[in-house]
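Given below, in the form of structure tokens, are the structures.
You will see subunit A twice below: alongside subunit B first, and alongside subunit C after that.
So, the complex of A and B:
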């Protein structure tokens, strides 16, 4: 009987891509998703480290090759392994996964700006007819300089339960399924003490009926931008008190100047009235 | 674990018919059902036997006896016919049937009274039954695939290639590529090539086995991911 140790080694060995005859070699496995395994690799010709993803079909590589955007990890090369699996070499993204990034980012505004950057490549892909179908924090990397890269494009329609739109289970998917997932990501980015307008944005993004959601990541991102700018949020009907608070937040300098002016006037009136 | 069973495994023919032995095993057609059931039993004998030994703490002979009893009951009572691919994998279905059989079986209960080997252990806090069964199923698939790989390489006169694979991927403490090159009088590149060829064929043999006992592409993909993860 083979031991647990040997069994583990055999499993790894059976998965290793046979890259002989290519310019790449495998260094170690660095990730595994529903669609494939990602290895840290070496490009012998250019002497640089790359990420090599091995998967059962070439769909993802074809999808990625058609999406050139700063927020989508670029594909360098693709091919077929001797055993019929496909691989593609892509830029090695250095940084943190979104969930890890959010854990160490205290300020809500910083988190929301990162969220807006996630919406950009998703909107770009939608404009080219590509729906991600499996957006979640583990598929999003935040680089050392705050750049956002959305990965794992080309999922065949099976999302991740916590982020999957209800209609996705029935196989009816359009860009609004990604809006739903983005809403779930926004809930995480907004944290526990989520302000009311932001909560309304999340609620609209994750409506059960796709027709009731934002119809695109652009609309969703615009509402988040409105919130950041202390402007009215389309998803939220605000009370008079909230409107006053928002007005105050938005016009802090003006209010400070008016207050200073009034105080000065008061001092002058009191001085003259002595 | 002391002595192990030789029943099942590479001595039993692995099903080669496609799309799968499962569809034959649950078929209404008697002529298809018999071979289908035999193929499923050959594929699952070892994992069932080992699961009984580990999860239910049985001796070698008792585990063999219970494995035989379980599969006999499975055929007599048409357990396999109750499998619905939409509800989960066949492996999980079989494990649940097995636990139910062992928990409720009168034979098992009566044996429990006369043998301390049959004390049911509490696995709470340890590995889950599903994990134990998956691991033993994985081990069994890889063992059978390695046996077939050895036979294939020997029949093609590639004994050195298999020996290198054996010394590297099957060894508890593998030698380095350079050590293997010196030991077998070949270059390090040849070692790399031997390993790549053996691993590629091993993968194919493993996936062939998984495909033959799954009900269709979605289950095959799930099981392939589970077995290689």
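So, the complex of A and C:
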């Protein structure tokens, strides 16, 4: 009798792709996306660990190969397996998935800076006519040194329900669908006690009508940058009180100096008036 | 307006206001005009020193420190000429210099026109 454990191991081994004839060997499965399965592999020639994605067509590899950006996982190599499926080898990203990273990152400013770094490769891809279509925390890795890598490019058009723009269901997709997904990611990054201006940014990014959204990740990121710098946010009409608070946040040193002067002056006046 | 002139203007404006506060002290109220002129001059010089420093060094803490020291030394000079009121003149004077130093550092330098 073969035990269940042995059977499970045999089944796993049988599912591993046949990479004979390539410079790669498969170690284990490390992920599964909508388009294919990702394995941890070893590059025998260069003696390094890589991530190998096996999928039905080579579109994703071609898309990725055309996007050279520090925020997009670089493709090392691509080819066809004996069973006709395609594979490509890419940099093995070490770090945490965005959702796991956000869980252990307490400061809102740190979370927002990571969010801005996500916008950069997406904007870069848009400039080259590539729309991601399936941006979500599980497709974004944050490396050991805070570097952000956006993965899983080349999705055919069907995104993930929680992050998918309304028009995406009808198949009408442009860069603004990614802006919608980024808005949803921003909502997660901003946490539960989300400040008003940031809430307005999320609301504009996730407007049902694409024309009402930020028209690009650059615009969205610029508003987040404005929020971080205590500057006016285009998505938010602030009250006088909010404006005063923002002025105070931006000019803490000046206010402290003026307050010190006034207190000093008052003391001097009282001292001389004795 | 560049860093230098901005700090001079801020120093002079604060000097005017600082001088005007002497109105609250009946003992020196009669000399208000002279105090305002002297205080304005003192603030402008402190601002000039802080503005010059801001053009050379880009550091808010150091800018505040330089303005503070400049204001303090100038106020000491004024107090020494008065033969008194050291505390009353030097403390606010140093803070006027510190604010002018901050203003100089925070001011964006005007871009050279092509």
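Worth pointing out:
In this text, the second predicted complex is superposed on the first by the 259 of 274 C-alpha atoms of A that agree within 3 Å, B and C clash if a C-alpha of one lies under 4 Å from a C-alpha of the other, contacts with A are read in each partner's own complex, and residues count from 1 in each chain.
Quick note on the criterion: a residue touches a chain if its C-beta (ideal position, glycine included) is under 8 Å from a C-beta of that chain, and two chains touch if they have at least 3 such contacts.
Only a predicted model underlies this, so the values are computations on that prediction, with no experimental measurement involved.
Looking at the shared chain after the overlay, A:253 reaches subunit C, while subunit B stays out of its contact range. After overlaying the two complexes on the shared chain, residue contacts for A:7 are found with subunit B alone; subunit C is out of touch. Once the two complexes are overlaid on the shared chain, A:103 sits clear of subunit B and of subunit C alike. With both structures placed on the common chain, the touch criterion links A:268 to subunit C but leaves subunit B unconnected.
When the shared chain is aligned, no partner comes close enough to touch A:45: not subunit B, not subunit C.
Contact residues of subunit A toward subunit B in the complex are 1-7, 9-11, 13-16, 18, 20, 32, 34, 56, 82-83. Subunit B meets subunit A in the complex at residues 1, 4, 135, 138-139, 142-143, 146, 169-172, 174, 192-193, 195-196, 199-200, 202-204, 206, 221, 225, 227-229.
The touching residues of subunit C, counted against subunit A in their complex, run 18, 21, 24-28, 60, 64, 87-88, 91-92, 95-96, 98-99, 102, 106.
Residues of subunit A that touch subunit C in their complex: 253-254, 257-258, 260-261, 264-265, 268-269, 271-273.
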